[in-house]
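Shared between the two complexes below is subunit A, which pairs with subunit B and subunit C, respectively.
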Partner chain A sequence: MKMTLLIARKEFTEMLRDGRFRGAGAIVFTLLAGALLLGWQSHREVSAQHRSAQEATRAQWLQQGKKNPHSAAHYGVYAFKPQVPLSLVDHGTDPYTGVAVWLEAHKQNEFKYRPAQDATAVQRLGELTGATVLQLLVPLLIVLLTFSAFSGERELGTLRQLFSLGVSPAELAAGKALGVAAALGVWLVPAAILGSVAIVAASGGGEVMAAAPRAGWMGLSYLLYFGAFTGVSLAVSAWAPSSRVALMVLLGFWMMNGLVAPRVAADLAKSQSPSPSAFAFAQQMQLALAKGSDGHDPGARAKALETELLKKYNVDRPEALPVNLLGVRLQDSENHGNEVFDESYGALWENFAAQNRIHQRVAWMAPGLAMRSISMGFAGTDFAQHTHFAKAAEEYRRMIQRTMNEELTHRAPKTGAPHLAGPELWNKVAPFAYTAPEAGWVAERQAPALGVVAGWFAGSILLAGWAARRIRVV
Partner chain B sequence: MLLRLMTYEWRNLSADRTPLWIALFLGLTMAYGTWNGSQWVSFQRETIEAARQEERERLEGLRREIPLVEAGERKVSAFTDPRLPSAVGRGPGARYVVMPPYGLGALAVGQSDLYPYYFKVTTGSKQTFLNNDEIENPVHLLTGRFDASFVLLYLFPLVILACSYNLVSAEKEGGTLALALSQPIALPALTMAKLLPRVGLVISMPVLLSLGLMAAGGGDLRAEGAGIRLALWVAITVAYGLFWFALAVAVNAWGRGSATNAMVLAGLWLLFVVLIPSVLNVAVKAAYPVPSRVEMIQAMRVAGDAATRQGAHLLARYLEDHPEMAPAEKGGAPDFGTLQVAVNEATERAVQPVRDRFDAQVAGQQAMVDRFRFLSPAIVAQAAFNDVAGASAGRYSHFLAQADIYHRQWRDYFVPRILRKEKLAAADVDRFPAFAYREEEWGQVAGRLGVALLGLLLPAGLVAGAGWRWLGRYPIAGS
Partner chain C sequence: MAYHVQNIMLVASGLSKSYAGKVALHPLNLRIEPGEIFCLLGANGAGKTTTINLFLNFIAPTAGKATIGGLDVTKEPLASKRLLAYIPEQVMLYKNLTGLENLEYFTSLAGGRHTASELAGFLDEAGLARADAGKRVGAYSKGMRQKVGIAIAIAKGARALLLDEPTSGLDPKASNEFMATYDLFRAKETGTRVGIMKQGHLMATYTTSELGHSDLERIYLEHMHE
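Moving on to the complex of A and B:
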């Protein structure tokens, strides 16, 4: 143990004195700090915009004046996706999912306005976020720091000396790993503190408590990921015949992990579980809406409903019913629509979820995929949490429809004379409130990815130990 | 002498099977990328065909329906009457505007998975049909595609650097440099002799593959301007490759060891391919911030509310401006369709400034990227590859402008008929305006690509020149 610490200290001192490491570390730190600050700034702006828009849409709903409840249902409200504080570290899929959805009668709409559509093609080459730096650049820094850990000693002839002193390969490997970790800590600890400050500054009341466990999970996963990279690098350095080969192999691994694997995984996921075109999706939904799930056209469905009601209340004409037929019919068509939407959107979202599960499976080949999934998950910017919000918004839409249709059913005159409602009805609809899921909810969904990262961490340590024991001294 | 050295070098390369591995790696990745791109092209083509099929059937239905309603055999409401232009122009008669994928679309997916390639144009306002996004897992949009352009932008430079990072340093480390230079040859010439077989090998590979895969059915070479665009694709690939070779020579000329060279080149790759684009992206967003679209949604909402409130008043004013459209008989409350015309018009007019502001910011970003792209050959090449394949945001704007004109034509056809309360006959269905996408003038595209080519050749030349000079001071012996 003492020897390990001694080696770690020597490595640490050496790295700090190495101008190349200082330069590379400073660049990574600057990029990370810059990314976090920019993330914080854009988070502040966007969440202010969303908050004021949410208030405005509420005010418009309340001040829409006197109108028929069904007109109000058509007018509807907008739901704007809130930005959670941790999204400043990892934008995840946010640029590629819409920011707002219109909640109107008869229809579950899609989210519109993907922020990436308002950016240039350069965004597709790379976006400077905390996640990019942590997932791509820090591992590269680790590779550059460790590729010559063993092979370099051998090439200098110092490896033989070390072993002649009675240092065991395991001690040497552990010391090197600790040294790298300490050197990285010099840059990453301040960055983590800065990030935490930014997250706290970005959080409103109560949000900090929700963000803390998420940040904890995220930080721990990143540490395991960095650990895995260190282990793999040390193993390759011990195994490779020369530093040059070690560097080539590690750069190749880094590139496959960060650039090639995500694309291959995406293709694999698409071929295993292809998604429909927007056109086919809309057409199929239209067809289901028009036909009705029970195979009747809406005319027949409405007729059947009328007969049923007449029988239920034992009257012979609609005017004699104690309820307004139009209101009942509107709610009935909503119920039918909701079934269709549940089925169509349910299938689509399950399709994406299945694709994302394939990504997690492929991640056993490339831990970066798992890390990306975990990072987005705890940042609150993955697709699962987009769907979580979309479902909440859809529930709210259905509640508005029910409230409006109940008003029509029970209060509108049966004669078909115009019925106008006012602010007291609009006020019956509570403002839209959304709570993002807790960290545990995310952890449950990210369990396979967490397993991959933990597995890589453990595996890489074993691998490094094994490779160190079998190292050629000369 | 040069030729003889080149022959030796080639034998050297062949002996360690380098050509085979390079051919295999680039061949497989290029073929896979192109196949991937062509899958996306067929997906778009199939979707477009399905939309056209749907349109044909719908219009055929209208032609059948109108005589039935005229004869009184079918009862319809004012919302579904196939004779009413207000009902038909809003949906049942609507036609698609389509931007078909370009003949070389399989080479690069580019921005084409982000922007809609067809709209259903109606008499409604633009915002009701503009956001016709294709369904795609957002994680995949974030990742980007494995297409030929990805192979060339990211992997091709790595192959180049992998086979030239120790071009001179290995000779020195192997002790053969001094030996070789004892012959009547200078270091620059020796470097050239070692470089040329590699350049020929590595650059010809993707060039031949691009041409081969496009000719073998991956592309449609009869598409307008396809020949010249493909030639420019090749030229840009060559220029991009030359830049990386020049960089490798320059780094070698510094006289450091192979391991240092590899690290420096890996760092430069990261700088040009990942870091400069990311930083540029951030910089353009800071210089031309595009606010969240929620602002536009609110503006639309407010304008729509105001217009609906003043519907009747707006219509009166609209008819004052366009007296020729006034209905033949006066009197009676304006119907829903008529009011809608005025409301749409007013909403669109009120929202246009907001929309323009968004467009101006995005245009500002694009202009800044165009100016600063020369900082990184990867950005230049990416934009150029997208341009060749017809997958650039520029082509999308070109399409949008045409769709805009068509939307006006569509309204010009329907709105006067709505206001004059005319009824459509079955024969009118064939007179609805139709849309045909016009490809961008090939001269314009070629001009842009020419600038890109210069933007790659110039830095390549500068770097090569610097490398050449440094080679003259190379420490042949010692370290």
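Moving on to the complex of A and C:
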């Protein structure tokens, strides 16, 4: 252990004195700090916009004056997905899935405001977020710092001298790993502090408490991910016949992990479990909805409902019913629609979940995929949390529809004369409140990805130890 | 040192090394007694460095064994190395560290604990100027690096020294040395015994006190021309 620390200290000192390390580290730190600051700024703006839009939509709802409850149902409200403070580190799928949805009668709408729709292809590649730097650039820095850890010393000749002293190869590997960790810490610790400050600054009251466990999970996962990269790099450096070979192998691994595997996983997921196009999805849902009635025009389903009601209350004409027929018909149409939405969106989301499982399997070969999943998971921007929010918003929409239709059913004149409701009814609808799931909920869903990263970490340590013990000294 | 001189003996018994059928070292039997300075003479590829590498367990023997102070180097790879100091043909150091820092690093890895003034003393003894000790090694000449290498060996206080084609002087004192060299003068001057190697064979060994320089040169040339 003492030897390990001696080696770590020497590696650390050497790296700090190396201009190339200082330059590369400064670049990575600047990019990371820049990404965090940009993330914080956009988080602050977007949150403020959402807050004011949420207040505006609520105010509009309450101040819509006197009108028919069904008109109010059509008028609708917007729901905005609250931005978890950690999302400033990782935007995840938010730019693709959108963060706002219009809740109106008859329809479970698609989300709106997807920045990816407006982005050019270049932007899509180049979006600078903390996650990009942490998932791609820090591993690259680790590769550059460690590819010659053993091979370079062999080429220089110092490896012979080290081993002639009776240094144990495993301790040498451990010392080098610790040295790299300490050197990276010089840049990453300040970045982490900066990130924490940004997150605290971005958090409203009480959000810090919710963000802390998420940040803990995320930070720990990134540490394991970096550890895995360090272990693999050291193993390759010990195994490779030369530093050149080590660098080529490691750059290959880095590209496979960060650039090729995501592409392959996406294509594989698409071919194994094809998702419908937005157009096909909308059309299929439209067809299914058409089998019911929208409650406005009296189709076959509406006629059957009328007959059933007349029979139930034992009366001979709609005006004699104790309830308003239109209200019942509208709720019936909602019920039918809800079944269709549950089925359509259920199938669509199950399809995405199946694609996600394919990603998880590919991740065993490329830990970067697992890290991406974990990162956006704890940032609250993964697809699971998108659907969690979408479901809550849809529940709220259904509650509004039920409230409006019940008003019509029980209060509106049976004669079909106009019925106007006012603020009293609008106030019956509580404002939309959404709480993002807790860290444990995310951890449970990210368990396979956490397993991959932890597995790679443990495996890479074993691999590095194994390769160091088998190192050729001459 | 805790080790008694009597224990520090280098022994090769039937030690050999082949690479894919090509023999680099034919079975070697050699016994270097405490206090002896044994010089292995031979051209490049004669098997000198192979022999040293086998004693350091850098390569695994094809047959036979090498022991240092009674320890089989393949079975006690770490403990056997604690008994000796090795100075390669070219001492290589970490260029971003100073000479003193290099010395401190290597000696502390060898298990030694020395104060700064002791370390400076070792460098003095090896002949490195005080002013140079605090400079980064990147600016050192080959000879200056060699002096740091010697200081490392002195600091280790090992009784057995392995020298691979040394180019600068070392006061052997009470050590026994195993030296591979192509330099006849040095072999004669510093060695107590000389072995001549050719194509992986130890052709013959001589006690230098019994030989004049011209004798050694003649014998060496005879072997080389055989």
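Everything that follows uses one rule, which is that the second predicted complex is superposed on the first by the 463 of 474 C-alpha atoms of A that agree within 3 Å, B and C clash if a C-alpha of one lies under 4 Å from a C-alpha of the other, contacts with A are read in each partner's own complex, and residues count from 1 in each chain.
Criterion: a contact is a pair of C-beta atoms (placed from the backbone, for glycine too) under 8 Å apart; a residue touches a chain by one contact, two chains touch by 3 or more.
In this text the structure is predicted, and so the values were computed from the model without any measurement.
Novice: Which partner does A:307 reach: the first (subunit B), the second (subunit C), both, or neither?
Specialist: neither
Novice: Touching A:14, do we find subunit B (first), subunit C (second), both, or neither?
Specialist: Second partner only, subunit C.
Novice: If we overlay the two complexes on their shared chain A, which of subunit B and subunit C does A:435 touch? Say first, second, both or neither.
Specialist: neither
Novice: Using the superposition on chain A described above, determine whether A:474 touches subunit B (first), subunit C (second), both, or neither.
Specialist: second
Novice: Between subunit B and subunit C, whom does A:162 touch in the aligned arrangement: first, second, both, or neither?
Specialist: Only subunit C is touched by A:162; subunit B is not.
Novice: Considering only the touch criterion stated at the top, classify A:427 as touching first (subunit B), second (subunit C), both, or neither.
Specialist: In the superposition, A:427 touches no partner, neither subunit B nor subunit C.
Novice: I want to verify the contact counts: of subunit B and subunit C, which reaches more residues of subunit A?
Specialist: Tallying touched residues of subunit A, the top partner is B.
Novice: Is A:3 in contact with subunit B, with subunit C, with both, or with neither (first, second, both, neither)?
Specialist: A:3: touches subunit C, not subunit B.
Novice: Across the two complexes, find the residues of subunit A that touch subunit B and also touch subunit C.
Specialist: Comparing the two interfaces on subunit A, one with subunit B and one with subunit C, no residues are shared.
Novice: Can you list the residues on subunit C that touch subunit A in the complex?
Specialist: Those residues of subunit C that touch subunit A are 53, 56, 58-59, 77-82, 84-86, 88, 90-94, 96-97, 101, 105-106, 108-111, 136, 149, 152, 156, 162.
Novice: Which positions of subunit A touch subunit C when the two form their complex?
Specialist: Its residues touching subunit C are 3, 6-7, 10, 13-14, 17-18, 156-158, 160-168, 473-474.
Novice: Give the list of subunit A residues in touch with subunit B in this complex.
Specialist: Those in contact with subunit B are residues 20, 24, 31, 34, 38, 45-46, 49-50, 53, 56-57, 60, 64, 78, 80, 92-93, 95-100, 110, 112-128, 132, 136-137, 140, 144, 148, 243-244, 247-248, 251, 255, 259-260, 262-267, 269-270, 275-281, 283, 348, 352, 355-356, 359, 382-383, 386.
Novice: Give every residue of subunit B touching subunit A within the complex, in rising order.
Specialist: For subunit B paired with subunit A, touching residues are 36, 43, 46-47, 50-51, 54, 110-111, 114-115, 118, 131-146, 150, 153-155, 158, 162, 166, 258-259, 262-263, 266-267, 270, 273-275, 277-282, 284-286, 289-298, 301-302, 305, 358, 361-362, 365-366, 369, 373, 378-379, 382-383, 386, 392-393.
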